[in-house]
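The data blocks that follow each hold one structure.
Heads up, the next two complexes both have chain A, just with different partners, chain B and then chain C.
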Partner chain A sequence: MRKNRIIPIVLFKDGHVVQSKKFREYKNLGNPLLTINRLSEWGADEICFLDISRDNNWQGGRSDLNERTPATFLEVLAEVSKVAYMPLTCGGGIRTMEDVELRIKNGADKISLNSAIFCNPALIQDAIKEYGSQSVVASVDVKFVGDKYKVYIHGGQTCIDQDWKDYLRRVEDLEVGEILLNSINNDGGKEGYDLSMLSIATSLVSIPVIACGGVGEWEHFRSALTETEIDAVAAANIFQHQDQSVYQAHKFLFVHGINVRPPRLLETNYLKVTTNELL
Partner chain B sequence: MNYCKKCVYSSVSVNLEMSDGVCSACKTSEVFESLPKDFWDMRRKKFEEIINEIKLNRKSEYDCIIPVSGGKDSYYQAHKVVTDYGLKPLLVTYHGNNYLPEGNFNRDKMREVFDADHLVFGPSVDVLKKLNRIAFRLMGDMNWHAHCGIFTYPIQIANKFKIPLIIWGEIAWDISGMFDPDDFVEFSARVRHEHGLRGFEWNSMLNDERDKLVEKDLQWAKYPNDREILENNTKGIYIGNFFKWDPNEHAKLMNQLYGWLPSQTPFQRTYRLMSNLDDRYENGAHDLLKFIKFGYGRASDHASKDIRAGLMSREEGIEMVRKYDHVVSDDLQYWLNYVDISEREFWETADQFRDPRVWWIEKGQWTKFDIWGGSSSYGYHNLDEVSLKRYIR
Partner chain C sequence: MSNKICILDYGSGNVASVYNMVSRLSSAIISNKASDLENASHIILPGVGSFGASISKIREKIPLDALFSSLERGKPFLGICVGMQVLAEFGSEFGKYEGLGLIPGSVDELNSASEKIPHIGWNNILIQQNHPLVNGITEKDDFYFVHSFAFNPSDPKMNIARTNYGADFTSVIANENVMGVQFHPEKSQVSGLTVLNNFMGIQ
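For the complex of A and B:
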């Protein structure tokens, strides 16, 4: 039986890694290369690297740091892909086939598309034709408003006028490899995933669904993997709050009998890599 | 460059995010101040659970490590751990040879007033002088050795003595607002490496043309790898995550209870008397370099904190910035003598680290915007023709 994956998400905004709360509050955590190198060494199954910059507000690096962040997102991606020793999904700001190609060329193994599903479905089809379904992840942001779930695009800013269940079926019909399903309400809330949203979604589609939004403790991974049919668990902020986080998450789930890989550390010395060889 | 509406930070301040005109540090501080009593009661209980667990499985010779400089925060950590909860910690100090007299007094008094053993470690002064010079040239900060020693040596000792728990003090709630109180962060090697050490490790110090160091000189600077950390189960928690952190109150309380002393003479670059007594440059030449790089200094940090704590209005804060941030303090001469560097070399090197988002050159002088409006000049530049171009607007 296929293993359940643990997927750290790294949010990138205006030149650095950020924490996100409710798609509104952002906090600067620093250098993407160091962050991803660490997650990689702690044995993440995959990494999802999302550019959520909205306006052109790139903050260049300081001149007194050893590790500088490159000047464009694509250069950052190219550097990041060298320290990600597992599949790397890249998303954010992908509008044309050229955007897709540039991301694959700069080291992404998969691309994640969100607004394009609604605005430009032909792009999804072209990307799948070129790179295969397994390379295309549909990222869907869902918000519970009033008494129903609604789909939002443009970084949670625009609500679309379509039933969310129909939307998920339509996403599946596009033949994407999997769906990254995020709850806007739960984002950064630490109260756990929206389990009912996940249950409904997994009963609607047969492609893998990756749960996202709201993890505050490892137990939340366990409850989603035991109570719903999701295929993988993703989270962003929690992996930044303690060292060896991904390792500890694997350990917790493994010890609790969940079908994940046993915890492992990669044999690279992070400090040596970052200070000598990498840059 | 714009300024936070509430405090005196600019958008260029280190690791800050600005949105709707308010900085992330002010936002975090608001969250922090609004935490109800229940929150802190729950946190205290969590701390007591950790303490009880230690008391139940006392395996190591010491119950925990407290990294201390001897400052008000060190005293507060020891006060909680020893006086309030009766643990037997090992106090560990990195001594970078920059203590002020009051700092010496406070540090050495710790094992008189607390029932705790105290390990004080200092690298060779010759190595320290070299590190001062190397790091100054490499990153415009003579105090890299201190950031490195403070954030490395206690972890080495934890692993050597098989003491899993390290109890740190303040979590940087309000320095840049990187984390929220409910994030409950632990000590992180990434934050140490990137923000504490600016991405430079011991091996970055071996390649200097003028000052030669070898690996043996820097054993104290090597951070244990993930495997070693996991084997010992080493974990660093912040006491600021469990008890409401109020530095002004702590200083008063520690003075009353234990005779802890603030600085007896005023600093030239800030109005606060209770901070950084373990390192004469932290409120002096080291901080001047922050002003040179990013256009603000300790007075901005302290005023921003005090504005958030309701001890100062923003207008009063701006006056502090105007009075202190640009001052070239006398300890610069002390440092130049200590490391045998000329004042000319100091300014030539320092100017290479000016942040172009902050500084430009006008009529040969360094110029920047001021929080009180308009712009001012802050002395002649020392750059060559090529480097100069970055700063012409």
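For the complex of A and C:
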């Protein structure tokens, strides 16, 4: 039987992994290679690696810690993909087919597109034609304003003038493989997902929908998987603050009878190269 | 004996992912040179995308004479995802295409009306018969699948494992030294590493 996926999101900004709150406040959490390696070893089903840098403000590694300092996001991607024992989705700043190709070439299994869906739908079609629907994830950021949901692009900065339901149908018509649906209101709030947003979205489209935004405890995964028809649950911050977080999440859901992969750490005893050698 | 794995390069999107994992278990190269194919102990054909697009690129980029003669000499071969599907005689994705014909059968659309297509995500395999490729694998092992089509082997004896998604389909196939997996072992955590390690143990 197919399992529901639990997907850690790693937000990357100006050279570092960061924590985000309401798309406005960012806290530095450290090195992306170490972060993704940990999540991989704890048995993540998939990882979503999003570059949310806005302007050219690269800060690189910590010279005081003797860290190697890759100079671009693509170099970071190439390194993290070597420790990703599960599918790696890469998003952020993708505007041309060359951007898509470079990400796939540097180890991304899927690419996630957001503003381009609205600004440049031809790019989505080209990417699907070249790499297939399964390689393209549409990331949609939604905010509840007044009495309705609205879609935002450009990292939550621009509200688009289209009904959000029509927008979701349009995204599906582009034949993307799945939708990563994020609530801007709930982002970083630790109060749980916007379940009504998820229910409406899954009733509108027939492609897989991944829930995102607001997880503060494992129970929030459970409520989304039991009360809505979503296919996968994603979260960022919660996976960063406790040892073996991914393992613990799988364990919680598995014990509660949710259809997920059983908790399992990656046993690396037969690997020729250890991660320490890579670092 | 030390292994040398040749990962066939024909422009498939996931070559880097396959190399990343395989090279951590054994020495490996990405190549489409006949000499590399001949010198390799094992051959892997990765795959992602559609049957038609993949088989045309394979015919264009891979020295098939060298590949077939290596296979005739019994060299272990593993096709992954579309790399498994192209081993069939025919594929029906976006038109009818001729495959490599290394395993009798055809590749047809998944027969899972009740489920979302493509089949994306983690699923387990139900082993139909013992085979070294699935040593140590049980129903509790999950693998990462991404596909809309599946292999229907003409000879049920070549069906090593099945997977259920609305209906059953063949997820592991073997015709002597030519083997294939519908899932992505390079993206399937410890269960995938076990299968890759099993493959490298086959001489």
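By definition in this document, the second predicted complex is superposed on the first by the 265 of 279 C-alpha atoms of A that agree within 3 Å, B and C clash if a C-alpha of one lies under 4 Å from a C-alpha of the other, contacts with A are read in each partner's own complex, and residues count from 1 in each chain.
Note that a contact is a pair of C-beta atoms (placed from the backbone, for glycine too) under 8 Å apart; a residue touches a chain by one contact, two chains touch by 3 or more.
Model, not experiment: these values are computed from the prediction.
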{"item": "Partner chain in contact with A:222 - chain B first, chain C second, else both or neither", "value": "neither"}
{"item": "Which superposed partner A:1 touches (first chain B, second chain C, both, neither)", "value": "second"}
{"item": "Chain B versus chain C as contact partner of A:103, first or second or both or neither", "value": "neither"}
{"item": "Which of chain B and chain C A:150 touches, first, second, both or neither", "value": "neither"}
{"item": "Which of chain B and chain C A:19 touches, first, second, both or neither", "value": "first"}
{"item": "First (chain B), second (chain C), both or neither touched by A:135", "value": "second"}
{"item": "Touching partner for A:250 - first (chain B), second (chain C), both, neither", "value": "neither"}
{"item": "Common interface positions of chain A, toward chain B and toward chain C", "value": "270-272"}
{"item": "Sites on chain A touched by chain C in the complex", "value": "1-5, 40, 43, 45-46, 81-82, 84-88, 104-107, 109, 131-135, 177-178, 206-208, 231-232, 261-262, 264, 266-267, 270-273"}
{"item": "Residues on chain B engaged by chain A in the complex (per definition of touch)", "value": "14-17, 19, 24, 27-28, 139-141, 176-180, 182-191, 193-195, 198-201, 203-204, 223, 225-227, 229-230, 293-294, 352-355, 357"}
{"item": "Chain C residues touching chain A - in the complex, by the definition given at the top", "value": "13-14, 16-17, 20-21, 23-26, 48-50, 115-116, 118-124, 140, 142, 144-147, 164-165, 184, 187-190, 192-193, 197"}
{"item": "For the chain A and chain B complex, residues of the former touching the latter", "value": "18-19, 21, 25-31, 34-35, 38, 41-42, 60, 62-67, 190, 237, 240-244, 247, 265, 269-272, 274-276"}
